[in-house]
């Protein structure tokens, strides 16, 4: 029951989705499955939030190291949740002003919008912006041209780094003009060697070819993993033997 | 106090004094709003009058009013008693320059906003707290991190609830209740779709995972989720990423122009593509030992992949730099008022 | 000198990066943009559509990628409005809902003749990631019965006759990750042949190149492409030159150049130190 029923559910649902793709008569079944899937995805977000609360409450109650920060997390969580669910500060919809809760939860001026605009947006953006500094540090400490592969990688990186800014034009313009005047070659024909154009060529050719091979490999991997799940061979999603 | 501490204390004190002086003199981090009053009955009467004018114009032209507009007018008229006395004031954020109208005089509808000003300062200080991690892990960073973790989780929950759970679960299962409270635009004729009891039950089972007892039942909706994912990914990955990609790789190795001569550029590109993709695929074939000619082909594949990764690294660098550029632009423009790239404060 | 770099505290590197980004911002350093053939091709894809075509703009990013994608999002919105296309905004990321509102602010401020519900609509967010795409390619109202403000789609002129997104003339996806351009290609563009262009982060662009041109018409990768797109837009619609907000991407390219040069310099210096150590037998 605990492990057999989920396997049957996974297989049934998966094959319904596959069959609905190939047999038009079954398309509505597949459509219903996907609608329920999307609803469950929203509930999964709620579950994720609930898990977060459970984890941090446990940390606070056990007084583990850093429990004060867990308290802050919980405070921020419940404040945002309360303001968002109650639509605090949100005016009703202008079409239905007599329905108090008809307004958009992210209406400008509302409490939830304020939290998004002045807490979530700046903090989330800055968290990822930190990576620019760490990439600089990593470039200095770790990127070594130790062998042929590393030299190719770094060489390509240099071309693309130059080419993706005006530096590529500055660096390559003068040499190409010299070649054009000295050897009499057409400027248009030499344009493809300008660094900004050259990096586009690298992206369009070698990068695309390499990624195509990776993509084909991944597609085969996804297909085999999906089949293993549908046929019940892979049961890792069921968790421990319980 | 050692020298490092003294230097840091001095820097912070000077910086703090500078910020205080600029803030007090009104030269940084201020936000303004334009107020808008809304009177529901006046708004509805205005829309009715507008449709009346349109009706007169169409009648003058010898035509009748659009049925949709006539129905809307009737709907507005029936709703007038319900919206009587409902008024509120809303606001839109405006740039500081909009304090002055076109004649250079103060616009009476535009006023200073405490909540948005506090918000800008909070955003700026939060940004600095996160950036302080670059010096070393510290209490300010941990505080900001704790806030963003809690806020982002709750934000996603709230948006998911109002968008999907309310509209597509409760709105389909109990439309009359949802119409009476949150979504009054649900048509009166909408009937409950009892089939939605299935996702409702699955949702409850999924949330049972949080319970200390009986958490195993959450495997059922999880299996539904995993099974559906496996089903649609199997089909679409094979279609888009396997069949289509192979199809795009099957191209003529030699391309001729209309006059019979070889089109060198396209020929080189096609030949290179086929050779490179095959070489990379040979590299990924780990069940054959990479020796001899297989080894040499696999080596070519590795070199192609290194070019791919080099391009990816460079693109990553570009992406990360643009993120910090955006944050520093916010600090210098919206908070410190040191720059004004889009003219938000021109004329002040 | 090499000794200095060998023991360099990474915080000095952070400071150098800070100045490399900050000084161009403070000085307003910008450079001319020469749009690439790919960017021009993406531009033509939107521009060649007949006036009033239906465009689905999927804004699949959040504040973490706002710095990179906001300029191209704004440029696409302006271009569609200049061409008088019908715009359907949608997102699969909860954090993108206010980003769509910023696009709507652009339409309200710069295109006063553009009316909500007639020329554009905001469908908002729905959970489910690629599951949403799977549903709306067959039946839009199975997932989106209302717009983001709760108005029934049957009451909105622009959505009244839209059964599903196969009726869209073009999908424009601005994507920061998953779900994003790859999912729109796999679940909408490839199976149903809907033309699609994508604007992605720098790291998201390289894996999408294999899809060009059969499954994806073109791609704008990173802020450089956004700046080039803005340039093409200014060349085609010179009246936009008076709008400083239409150069958001170009304003950020000064920092990009200096930042890139710093990274290249750091890699070179790091390798000099490495080879010096190897020569001395320390490695």
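Observations, loosely collected:
Letters A, B and C mark the chains in the order given here, with residues in each chain numbered from 1 onward.
Everything that follows uses one rule, which is that a contact is a pair of C-beta atoms (placed from the backbone, for glycine too) under 8 Å apart; a residue touches a chain by one contact, two chains touch by 3 or more.
Please read all numbers here as calculations on a predicted model, not as lab measurements.
The minimum number of touch steps linking subunit A to subunit B comes to 1. Summed over C-beta pairs in contact, the chain pair with the top total is A-B. With centres set at the average Cα position, the gap from subunit B to subunit C is 11 Å. In subunit B, 134, 152, 155-156, 159-160, 163-164, 168, 182-185, 228, 232, 237, 240-241, 245, 248, 308, 311-312, 314-318, 321, 323-324, 326-327 are the positions where the chain touches two or more neighbouring chains simultaneously.
Among the residues of subunit C, those in touch with two or more other chains are 14, 17, 21, 64-67, 94-95, 97, 126-128, 131, 134, 143, 150-151, 205-207, 210, 221-222, 224, 256, 259-260, 263.
Across the assembly, subunit A contributes 34-35, 37-39, 41-42, 44-45, 93, 95, 102, 106, 108, 116-117, 120-122, 124-125, 127-129, 132-133, 135, 139, 154, 157-158, 161, 164, 203, 207-209, 211-212, 214-215 as residues in contact with two or more other chains.
Taken in their complex, subunit C has these residues touching subunit B: 11, 14, 17, 21-22, 25-26, 28, 64-68, 70, 94-95, 97, 124-128, 130-131, 134, 143, 145-146, 150-152, 154-155, 185-187, 190-191, 201-203, 205-207, 210-211, 214-215, 221-224, 244-245, 248, 251-252, 255-256, 259-260, 263.
Those residues of subunit B that touch subunit C in the shared complex are 134-135, 152, 155-156, 159-160, 163-164, 167-168, 171, 182-187, 228, 232, 236-237, 239-241, 244-245, 247-248, 308, 311-312, 314-319, 321-329, 332, 338-339, 341-343. The touching residues of subunit B, when paired with subunit A in their complex, are 38, 40, 43, 79, 82-83, 86, 88, 90-93, 115, 118-120, 122-124, 126-127, 130-131, 133-134, 142-165, 168-169, 181-185, 195, 198-199, 202-203, 206-207, 209-210, 216, 219-235, 237-238, 240-242, 245-246, 248-249, 269, 272-273, 276-277, 280-281, 283-284, 301-318, 320-321, 323-324, 326-327, 330.
Subunit A meets subunit C in the complex at residues 27, 31, 34-35, 37-39, 41-42, 44-45, 93, 95, 102, 104, 106, 108, 113, 116-117, 120-122, 124-125, 127-129, 132-133, 135-137, 139-146, 154, 157-158, 161-162, 164-167, 169, 196-197, 200, 203-204, 207-209, 211-212, 214-215.
Within the complex, the subunit C residues that touch subunit A are 8, 10, 13-14, 16-18, 21, 31-34, 36-38, 62-67, 94-95, 97-98, 101, 126-129, 131-132, 134-135, 138-139, 142-143, 148-151, 205-207, 209-210, 212, 221-222, 224, 253, 256-257, 259-264, 266-267, 269-271, 274.
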